[in-house]
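One structure below.
In order of appearance the chains are A, B, C and D, and numbering begins at 1 in each one.
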Amino acid sequence: MLKEGELKIPSGCAISGIIDKKGNKFNGEEIIKSIALMHDRSNGLGGGFAAYGIYPDYKDFYVFHIFYENSSIKTQTEDFIKKHFDVEKAEYIPTRPVPNIVNIPLMWRYFVRPRVQTCVSEKDFMDESEFTSRCVIKINTDYKGAYVFSSGKNMGTFKGVGYPEDIGEFFMLDTYEAHMWTAHGRFPTNTPGWWGGAHPFTILNWSVVHNGEISSYDANKRFVEMYGYKCTLKTDTEVIAYLFDMLVRKHNLPIKKAINVVSAPFWDDIEREKSEEIKNELRSIRAVYASALVNGPFSIILGYEKGMIALNDRIKLRSLVAAEKSTRTYVASEESAIRIICDNPEKVWSPRGGEPVIALLEGE
Amino acid sequence: MGCVFMLCKDGSKKESMMKKIYAFESKCLGCGLCEVHCRTAHSKSKDIVKTHKRENIASAIVIEENLSSNTVSYFALQCRHCENPKCIKACISGAMYKDDSGIVLNNKEKCVGCLSCILVCPFGVIKKNDDGRSVSKCDLCVGSCEPFCVKNCPNEAIKFLDEDGARALI
Amino acid sequence: MSLNFNTPDFEVIRNENRCIQCKVCVRQCANTVHFYDEEDNVICADDTKCVNCHRCVTLCPTKALVIRKYPLEFRENSNWSGKVIKEIYKQSQTGGVLLSSMGNPEPFTVYWDKMLLNASQVTNPSIDPLREPMETKVMIGRKPEKLEFDSNGKLLTKMPPNIELKIPVMFAAMSYGAISRNAHESLARAAEELGIFYNTGEGGLSKDFYRYGENTIVQVASGRFGVHKKYLNAGAAIEIKIGQGAKPGIGGHLPGKKVGEDISATRMIPVGSDAISPAPHHDIYSIEDLRQLIFSLKETTDYKKPVFVKIAAVHNSAAIASGVVRAGADAVVVDGFRGGTGAAPTRVRNSVGIPIELALAAIDQRLREEKIRNYCSLIVAGSIRNSSDIVKAVALGADAVYIGSAAVIALGCHMCHSCSTGKCNWGIATQYPELVKRLNPDIMYKRLVNLISAWNHEIQELLGGMGINAIESLRGNRLMLRGVDLNEKELEILGIKYAGE
Amino acid sequence: MKKYLIIGNSAAGVNAAVAIRTNDKTGDVKIISCEEFNSYGRPLISYYLNGKVKSENIYCHDEDFYRSMNLEVLLNTKAEKVDTIKKEVLVGLGERISRISYDKLLIATGSSPFIPYIKNLDFNLQKNVFTFLTYKDSVKLKEKITKNSRVVIAGAGLIGLKAAEGLFGQVASITVVDLDNRVMASVLDKSEADIIQAHIEQKFISFKLQTSICEVQGENNVSRVILSNGETLNCDILVVAVGVRPNVVLAKEAGIKTSKGMFVDEYMQTSVKDIYAAGDCVESLDLLTGESKVFALWPNASNQGGIAGLNMTGIKTRTPKTFAMNSISFFGLQLTSAGIINNSRSIDTFVDSTKNKLRKLNVLNDNLIGFVLINDNQRAGIYTSLINDKVGLSTLAYDITSKDIGFNVYSKQERTKKIWDYKGGY
């Protein structure tokens, strides 16, 4: 029987995200409350959170959150890390016992700085993020039983098997202060969940929570795999993170253009576009990045260092609501999940298919 | 036998508005299917096999074969339903007449087989029947919305058009 | 040779109760199988000349004719089948190379029929193409590796020329000479109406068809027939023909008797002369020569037209395709061993080349491994028979497909495999004016439009069923395929799982 | 409201009336006819005689034809005198004489049988002597004949032979007498005429050629005829069908220029203004010889009638020249001929004849000027239009003598032009 990680699990679930565009920090209670309201949208086999701005003292370090199935794989992985990174600090991730959270893997986090000059033997130029992402992918591919479930700077994800509110309680999220939180409750359909399979999925600073299914998964997967990514976690959401990382970091496309790739306008709409310049741009995007178009029903919340983006598929086959109040922007699968933590928001709307909700930190 | 023959809306019967059969030589294969279906359409049994095996009906179509230098070409010719038909003028018994929608028809009972119509028709598309006392000519399958030869031409070499429609296709 | 061992392949059976001696079959059979016996007023048939093209059967107004396999049986011998024996009779009779037409008829596995498509059930809804937009448009041509924007979001990268296909299907290369002028006109007009393209084949392009230029792909083959500056600029894209699926490794041969006035003018060869296209291009003996030809063609059309390169599906197609992409081709066209041909030696047609499904899968995977799959388009041909073949081809990794045999069947071909005689009764593979006339472009182009439109609806239904609303999301999406009745190796090459996995 | 008066109710008269009515919806159109029957096809009287055509089918048009076209017909009305000054016509209506005024008059009186001088021949006295031109003649004849009547017919022309065919099988014997050396002398050359004669003789009808009837004998009816060659023939029924003469008495007395027939200009108008004439009673120009002569031809009469009608309503229409043409059958033998058909050195004649078929074409300086077809008449109209249009035979797609005629004789352009543009014609 293949462990749940070895086969692709379709996921229907709940997502929620809050950002304070001024950068004011707040603890995890609000996000837990919001995701908890959507209890029935998940079946307790997966929950997780992403928090941005939680490690202000180590904001220049990459923070690896890693699961280990056993201590031997832990020592092997740590040898690999020590060879490629200066480890500033290593500690297990503090948790508190919660009745529903069981068979917990070893969970450690490492504040590290990549040793690019010494390790990079090849002549080709590689910056630290490329070096780090390759190491993370190497661990997740070759070190069976070890999973780096987040590797960004001044951010981290906390996920596992269980309802999201229990996971939040388990990881003591009330003790962390972040300017942006995203959360996800999972509804895997056929096998018991596993800790690595829960959302959010990350690569470097990118984190994605996703409600839906990617029909174009294999096309997207075989496209990003051409650029060095490796889809190891066998959940289709993973590929969205890699797509954004590739488009924005490797091909340095502006975020709006990346969105036009992932949730591309229809050809008919492009043809109706008045300005020739925009029409040519959209036609070029669809031609060059055809395999990066994410097809199938989805609503995603994307977190990264600059802020939060929520997006629906082109024909909005999944629910997504957004709201704004003073410096805060909220997005969630259901309006009720927003209203429970934000009474009378100034503006509430449901974004159209393919139309992003972009909430960036000021100055970005 | 299908829908009523179409007259133009305002009841006027401008000759050129009247639909006729036009043959397109570049498309005609000379296969003869139009004749088979013409005989059948005018037979009693309306069954192809019975028509040809039992009834003796002349088709109202003549398939012309033209030998130019290197190729053989064909086209199907039938009554042009002239505006001012010579055959009606030559007919001694009033058998040849024009109905009110402009189709030149032949009344078998009145015809005595004198063949004056054949003597004057410049297209030679009126055929003497074997019974010696009647002739066959095209009646555009009046009463059905499309002549059977047009309906069954495998290469759309004959079309049922008004004059403007036909000129557009030359 | 006095004694001729050849026995007829087919038997013409006439139902006397139905035959009305209307002589339509006599007039329509170009092989003079039927003849009218004046004396007994009966129509007879000479079985030896019948190629079973169904012209008489179709046009007989009383459906009095049936053509059957000639009932003569050879003694049962699984090694020496009737077919093999008769081939020896023919060659020992004529001493000539056995010629045949259309694609490889041997009973090799048709992999299309061994692959099944996916459909979504619960977790993602299938998309109803009647209510939701469903996109089958594809852009064929070279793509830059990435797009660059300036600081305020203005696109800097200049896109190389791409052609736009409303439906990922094109009409394959069939030269004017192999097929008739009316056939070409039908293909051109259908391409224009469908918003797709037709390929001129290696016979050049008649002046009257320049007006269909926007929907034309002009081919440059080893014979360079009809290739000149105006010709190259007449089409929307250029295709260099290196190989053809039905006859990999050998050139083409158009018999002189088919080269009349118009074809001689179009091909720029004397009337009546045999048009032989040599096996290799005499200026392409290595991959770098190909690069030179590609760029000289681009220079001639000042880089406004994509240049495809067509290769036959052979054993190392993957490496060849990679070389072709690196040589600067805008699209690689791969023609499988079932692809059709007007005339080719039977031995080559039946035993050279590999199935397109395996070649496609291998090429797509190799180009991805070399990280250059996204640089160019990959088009497959030989043979695509229906819309599910197209969806499976795209899922394996193709951008679009060419259809040749399917197109001529829509035009009336009844696969009698005797195009090489030049007496095609349906007016397709013939230059006799009275036969060419039987293919009336005004009717036949609509049949092509009907076929492709129908296929397009089917593609949309299949895509919708998988929860996809743009065909690009299916390209290379091999998870949407499952194999049945295939061994491990075949699954591995095709890169698909077995059904049930 | 214009008043139109037409004398004569046959081909010319009726066609004229129709032409007038289509172009003058309100004019008053009157047709007077000395006969008691509505317009009928005169050539049909022989078919009536032998029962092939029933009496109700003899009429050209059905009952309400005249009413639907709002034409007034006065039967049994004989035009006595035309007063060209007062523009009136005196008509005898039974005993009474009345006047009908007209704005436009058409004289379409056709022709009447020519009775040669034969000693003691007296139509009033003798009850078994007939002419064979009107339906009445045919009706009277049909009543008179019995199974053992011995019939003598004077004249072996179209009418005489048709009379013979009409009587055949209802009488004991039929003998046809003609001055000429062959039957249908006005239409056929000797070689073809003999074919027709041989065919008719198979029906035991005997011919007395190169002789004529010079005397009849019998108390009050004729019982014997004496021929100029001395022979005498018993005769219970005598039919005089030697020829016809145009009815021009009325015109002559009205001062209209006539010769054999009335002279008309291109628009069918006689020498007197507002009086037109058409049909067998006028002189027409022969397309082939240029002569002016009388054509007793049904198609010509219909044509000229129509044209006269148009001109009477002011629509200027020219009359095309005409030429002799005939299509007639005797006992199943189908004869179709047109134009100049007699042999002469200047005309090269092509004859293709098999057992019972004949195709004879006369060509003069690259024009077809005449043809005779026996039992091989399919598509004869193409020959007729070759004559009519004076087509240069060398310009045609093939030599018309080489094979059966077809519309493919014309070149492609000519064919297409004819099919698209031809509207039929006067």
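Keep this in mind: a contact is a pair of C-beta atoms (placed from the backbone, for glycine too) under 8 Å apart; a residue touches a chain by one contact, two chains touch by 3 or more.
As the structure is a prediction and not an experimental result, all values here were calculated from the model.
S.K.: Imagine the assembly minus chain C, everything else where it sits, and name the touching groups.
M.R.: A | B, D
S.K.: Please work out which of B-D and B-C is bridged by more C-beta pairs in contact, and write that pair.
M.R.: Of B-D and B-C, it is B-D that has more C-beta pairs in contact.
S.K.: Considering only mean CA positions as chain centres, point out the chain farthest from chain A.
M.R.: D
S.K.: Taking each chain's centre as the mean of its C-alpha atoms, which one lies nearest the mean of all protein C-alpha atoms here?
M.R.: Central chain is C.
S.K.: Between chain B and chain D, what is the gap in Å from one C-alpha centre to the other?
M.R.: Distance between chain centres, rounded to whole Å: 30 Å.
S.K.: So, what's the distance in Å between the C-alpha centres of chain B and chain A?
M.R.: Computed value for the inter-centroid distance: 79 Å.
S.K.: I'd like the Å distance between the centres of chain B and chain C, where a centre is the mean of that chain's Cα atoms.
M.R.: 43
S.K.: Would you mind pulling out the distance in Å between where the CA atoms of chain A average out and where those of chain C do?
M.R.: Each chain's C-alpha centroid was found; their separation is 47 Å.
S.K.: Based on the touch definition given at the start, go ahead and assign the chain network to line, ring, star, complete or other.
M.R.: line
S.K.: Can you name every chain pair that touches?
M.R.: Touch list across chains, by label: A-C, B-C, B-D.
S.K.: Taking the touch rule as given, give the residues of chain D at its contact with chain B in the complex, in rising order.
M.R.: Touch list, chain D to chain B: 15, 41-44, 47, 52-53, 57, 59-61, 298-299, 302-303, 306, 325-329, 332, 334, 336, 338, 377-382, 384-385, 397-398, 405-408, 412, 415-416, 418-420, 422-426.
S.K.: Which residues of chain A touch chain C once you look at their complex with the stated criterion?
M.R.: Residue positions touching the partner: 8, 10-12, 189, 212-213, 215-220, 222-223, 225-227, 250-251, 253-254, 256-257, 264, 266-268, 277, 280-281, 283-291, 293-297, 314-315, 317.
S.K.: Give the list of chain B residues in touch with chain D in this complex.
M.R.: Where chain B meets chain D, its residues are 15, 22-23, 25, 62, 64-68, 75, 77, 80, 82-86, 89-90, 92-94, 109-110, 112-128, 132-133, 163, 166-167, 170.
S.K.: Provide the residue numbers of chain B that touch chain C in the complex, in ascending order.
M.R.: Checking each residue of chain B against chain C gives 26-33, 35-37, 48-49, 51-53, 70-73, 152, 154-157.
S.K.: Could you list, by residue number, the parts of chain C that touch chain B in their complex?
M.R.: Residues 17-18, 20-24, 27-28, 59, 61-62, 433-434, 437-438, 440, 442-443 of chain C touch chain B in their complex.
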